[in-house]
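One structure follows; several queries about it will come next.
Labels run A, B, C and D following the written order; every chain starts at residue 1.
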Amino acid sequence: MIQDFLFQAFAASAILGAVIMVTRRNPVSAVIFLVGVFFATSGMFLMLDAHFIAAINVILYGGAIMVLFLFVLMLLNLGHADWRDLRGPVGGLIGGSISIAFLGVLTRLFVGGTDSRPVVEIAGSALREAAAEQGVVGVVARPLFTEYTIVLEVTGVLLLVSIVGTILLARRERT
Amino acid sequence: MMALYDGHWILTALVLLPLVGGAACLVVPEARAKTVALATTLVLFALSLPLFWTFDTAEPGFQNLVSIPWIEAWGISYAVGLDGISILMILLTTFTMPLAVAGSFSYIRRRERAFYAMLLFLTTGMIGVFVALDLFLFYVFWEIMLIPMYFLIGVWGGERRIYSAVKFFLYTAVGSLLMLVAIVTLAWIFQDGSGAWSFAYEDLVSLELARRAQLWLFAGFALAFAIKVPLFPFHTWLPDAHVEAPTAGSVILAGVLLKMGVYGFLRFGLPFFPAAATDPVVVNAMLVLGLIGILYAAWVAAVQPDAKKLIAYTSVAHLGFVVLGVFGLTTQGIEGGILQMVNHGISTGALFLLIGMLYERRHSRAIADFGGIAKVMPVFAFALVVVALSSVGLPGTNGFVGEFLILVGTFRTHPWIAAIATTGVIFAACYMLPMVQRVLFNRLDREENRALTDVNRRERLILAPLLALILLIGVWPGPFLNRTRASVEALIEHVETRSASVPAAEPVSVEPVSVEPVSSDAVSVDAVSIEAASVEAGGGE
Amino acid sequence: MSEAGMAGALGLNGLIALFVSAILFSIGVIGVLLRRNAIIVFMCVELMLNAANLSLVAFSRMHGIEGQIFVFFVMAVAAAEAAVGLAIIIAIFRHYEVVDLDRFRLLKW
Amino acid sequence: MSLAALAGQEGAGAGFHPVLPWLILALPLLGAAVNGLGAFLWRDDKRIPTIVGPAALLGSFAVVLVNFIGMSGAELHGAEVVRLWSWIVSGDLSIGVDLQFDQLSMLMCMIVTGVGSLIHIYSVGYMRDDPGYSRYFSYLNLFVFFMLVLVLGASFPLMFVGWEGVGLCSYLLIGFWYENREYANAGKKAFIMNRIGDAGFLVAMFLVFMAFGTLDFVPVLAAAEGTLAYGGALVTGITLLLFLGCTGKSAQIPLHTWLPDAMAGPTPVSALIHAATMVTAGVYLIARTSVLFALSPVSQGVVAAVGAGTALFAASIAIRQYDIKKVLAYSTISQLGYMFLAVGVGAFTAGVFHLMTHAFFKALLFLGAGAVIHAVHHAWAHGDDHGDGHGDVHHGDPNDMRNHGGLRKFMPRTFVFMWVATLAIAGVPPLAGFFSKDEIIWYSGAYGYPILWGVALATALLTAVYMARLMVMTFHGGNRTFGHRGAAEAGRRLHEVPAVMWAPLAVLAVLSVVGGWANIPEALPLLPTVEWLHHWLEPVFAPAIAVKEAHGFSPEYRSPVGGGEALWAGISAAIAIAAVVGTVRALSPKPVPTEAEAVAPTGFARVLHDKWYVDELYDRAIVRPSLALWRACWRIVDAGIIDGAVNGAGRAARLLGWAGGQLQTGRVTTYLVAFMLGALLVLGVLS
């Protein structure tokens, strides 16, 4: 019961955080509220029995990536809102309608769209049992290192490439 | 050697040889390219010539047949062969090529390797089109031809070469894409009926298509062919392409490429869709377009200030005659049409060569820039007069035999159209003679023209075989007509019997299939007809 | 599967997670389309990714562990993307001294 | 084969077999080839063409003569056809290179090769100084070759080969001096106008093939009566289309205007092609297909009416011309009109008879005129040291009769020969023209065409008048070559032509006298050769006459106003003599102004002088509108509409591409919106 309450509180704060983040004119406060959103979603992950994901969401997103954003903001000295970066009414209309359309479509998809598709049901309890048996990391790690080894390796290469690319892009031209 | 001709490999050799020669042109030194090209085309001609004698004139079906599976899953094969309709076209191609190459020796001064390679690649495409007996293969060759021609016009052409090359390419591509749709549909219908894919000529020609399907598919093919012919009003690419193309390009364009449209009608349009091809509306439309081509092109030609453009328009007129003959659907008309294609290749090719020689000397194609040339270039003048007379169809030259047969044949089925078309001979004189006069005759009043030198030995060697053929076919067309006879008669027989037995599209609204009263000469062709096919596929299911 | 079935398989929380995911995604869309600051747009993209992750996790309760594995990869790709994207922003900023998306028209030839 | 073999045939008195038929054609063709080669290879050596040109003709004439004699000794009904090789074979159409030997074709061959030989010999003198000597003989030989093909061809298409071939040679020879734009234009005009007629000929052939399934003369003519309904539309169509061909080739109304212009060619060419042979091809064609024409009374009437009309029309123009060759050209048109009148009314023999005699005296007149022109030209040219160059600018036109006058003194032989020919054409007995023309006039009355008969008589009067005028202006009175006071200079410079030129004139003069005796009418049995030609041609024309008689067309032996043949022969002779004498009397005392002094005629004389303005009419009504239409086709239809549509399609594609390109703003936001919408679309489809 308390879990459900916690879960719904996390959900509410995630939405609230997201709204605030989008509406902040100051990028730094936007970053801060985004981090908040990430923490809230991590909480939801926990409640949904995805403990490992919850952990790396905090570490990777909330920690690493957002810090990177902050670094960039500081580096470029953009940490203050001195220009209007919100679009006019036309842009608002377009963006708003697209967004509402997305909301509608996604809702429809989540609620009614799965009818015809066969579903292998694994109750939350089954996931929980597996976690108890193999440990919360093991549940994710086992398939990762058996079935999805190649994908994992490719992801590693991707990261390497992105590192190289980042360095190339961000490096100052030596004249 | 004879084994080569019995052993069926000769056609493949004809297709491949220019490809090899073209590749060789690309790798030899720049100065040697023309020699390699000339040698290749001469060998090609020598190789193809015995076909004329080994050809069995009594056989209406295909000879030298080769069929090797290529893409078996789709029923595509490498199938080549020749019959009475294609043999003259093949020989015309191999005959024209050495002349076109030799005619470029002093005309082309830059990127010679690429130029001669393009000519040879083009040759492969042209011969391929004439020998292909698989529709997929045919289409491949048909499209392959476009590319070298595009470059020939676009790279070595005159001032507006880019415009002309693009116009040529787009015009012909539009038509051929619709043809591709029609080809695939045909194959699909065949697959629908028999369960197996096939693009083979003999399979598809045996299809019993419903009338409506025939009309649509015929339209798809006909547009591609009509553009290539070119039939009025799809002709405007031709003057531009001709004017801008280098001499060799014009010669090949006139000599061979324009024949593909009519060849397509004879090879595919008529036998595949007999009910459509004998439909009174279709026939009358084609005849009227041919007729308009004859008169209209002659009129437009008569007021052209540019000699090359004038000749380009005469091509439209001549091909109008050919279309008239083909859709008159009589033995004389079709045989005359085939012969007239050869004639047109010879005489118009020669005209382009002659104008090219003049252009090399004077760098002008404007008729008004000349006058009195006969005085300084008597041999040239002689050749031009003979060729011009052949072009206007003077009896005793080849042009007359073809035109006469076409008109006689068409007159039997469509007297009024043929009678009006006959006035084309008047207009032929109206465009050709003033041009000849203003170039060769009148006073030699321009200083630049006084210093012109007469044709040299190489040019004489190019012109001599053309003039000889003009007179030979004029007085003794027998050997040429002989070779077309069996196939043409079988074709007419096929079209007549098949158009009579065509199933209607919807059983509810059966229209009576009215067949034109085709030639009364009921020559019974009991030998092997074209449809030696075993598969019977129904179209209506 | 009916609505009740979906709710049964996911539980109420699962369903809520899906709705939250949809809402977060839509908020991300608004942010992407409404803001002109490249960095904030970028952050909104991250928000959308996170929303997608949320739905994946919710679905993993229904379909099995693969959902979480997928999230793992999404995060890896997001990390790479963030690094490269920020590098691009830095490079552009060096040249134009501005991060207003409407100020440059670079994405055409 | 040799004469001995021929004698054997004669002795047998049986069938006729042509001797070396191919040689008749081969010799002129060979001559043309050799001379043509010579025009390139030994352009300055005149010996070879001098020998080869006339020799080819004489050889051919010899072969023809042998065959002619052989035929006259043999029994030949129908025609002897010799196949050289098969030409066009396609389906049920089979045309061979077949030569047809019958009385008509042999007679024509005799005329063509005989008169042709004389003209070739004459040309040796006339063209001596021309730089295109070899080329000239090549064309001339080629012409004779094609003319013989025309005559001997045993089928419509082969005849058509000759028909267009002679047109080609005519074109080449009219424009022989091609550097002169006018001359080249005249050649072109002749060819194109002939082609108009030829188109009719072609369509006629197609109709014949539809009706008969063959194009050979022998089977067509044999089957004509059974196949074609008398007076039916088909036969009328065929014959009228054939006649259209005839009007082109034989310069009848409405296609007559090319012939006067054709005088641009060298004068011997005018004599051979535009007087004696080629222009009579139309008459020959009608004679050859006489059965077809006999089957269509409408066509016969049209032929006769056009012939008579042309005869009068052209004669009226001839009266007011000053160019000696133009007078003769219109005279030729007029005389051809007579021939068409004859074959039109059904007097085929009379038509062919006049064709023959006309060939003699008109060739003589042209060659005589050529001699005059030659003399005047040389008189002018030598004084100026002005070697070649035609149409001397210093003095004027050597063809203009106002620059002649009094040539009797300087050219006595030519003067005599010309008078013989003049009397012959005027119809003065007992010269050739009297018999042939009188027969035509007589038959046109006898077959019941009173109006045409009257026209023919009137034309006879005009003929005598314009010919006498020509003679007076050229040979009588004082000389005007060097102006009215240039008598001394004229005496020094004007000379009779050399023997090589006057000798053929002499032969032709003899023929102009005796030629008419070949067909003495029964009414005037002055010589034993009564109706000889009639009997000779009877096998050819008998079927046609039979058809006409079967349908009630037989000559009544009286004229429309009464009186028999002998009486009316006398009357027309009297008219001719009176006209000639009267004209000479009337014109001789009058001084003629020189070309330079001349004033333009006024009134009706001007209309005649300007040829009834037919050329102008054609130019305004046909040529210019056609050219305007053609230009419109090019500029408006081709470049405007069709290419406009094509280029428009291209432009539309480009516009579409430009519009699409505008979507590509280069701004991330645009792409993001598009991307979002796309994602929405995909999701929307899924859900």
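Following the convention adopted for this analysis, a contact is a pair of C-beta atoms (placed from the backbone, for glycine too) under 8 Å apart; a residue touches a chain by one contact, two chains touch by 3 or more.
Please read all numbers here as calculations on a predicted model, not as lab measurements.
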(request) Could you see whether A-C or A-D has the larger number of C-beta contact pairs? (result) A-C
(request) Please compute the C-alpha centroid of subunit A, do the same for subunit B, then give the distance between them in whole Å. (result) 68
(request) Between subunit A and subunit C, tell me the centre distance in angstrom, where each centre is the average of that chain's C-alpha atoms. (result) 6
(request) Give, as an integer number of Å, the spacing between the C-alpha centres of subunit D and subunit A. (result) 103
(message) Counting only Cα atoms for the centres, state how far subunit B is from subunit D in Å.
(response) 39
(request) Would you give the residues of subunit C that are in contact with at least 2 other chains, written as numbers and ranges? (result) 29, 32-33, 36
(request) Mind pulling the residue numbers of subunit B that touch at least two other chains? (result) none
(message) Can you list every residue of subunit D that touches 2 or more other chains, as numbers and ranges?
(response) 669, 673, 676
(message) Once the touch criterion is applied, which pairs of chains come out as touching?
(response) A-C, A-D, B-D, C-D
(request) Flag every residue of subunit C that touches subunit D in the complex, lowest number first. (result) 29, 32-33, 36, 38, 41, 101-102, 104-108
(request) Spell out the residues on subunit C that touch subunit A in their complex, using ranges where they run on. (result) 1-3, 6, 9, 11-37, 39-40, 42-44, 46-47, 50, 53-55, 57-58, 60-66, 68-69, 71-73, 75-84, 86-91, 93-94, 99-100
(message) Quick check on the complex: what are the subunit D residues that touch subunit C?
(response) 664-669, 671-673, 676
(message) With touch defined as at the start, can you tell me which subunit D residues reach subunit B in the complex?
(response) 39-40, 85-93, 97, 157, 160-161, 163-165, 168, 171, 175, 178-181, 184-185, 187-188, 191-192, 195-196, 198-199, 202-203, 205-207, 209-210, 626-627, 629-631, 633-634, 637-638, 642-643, 646, 650
(request) Would you tell me which residues of subunit A are touching subunit D in their complex? (result) 91, 94, 98, 101-102, 105-106, 108-109, 112-113
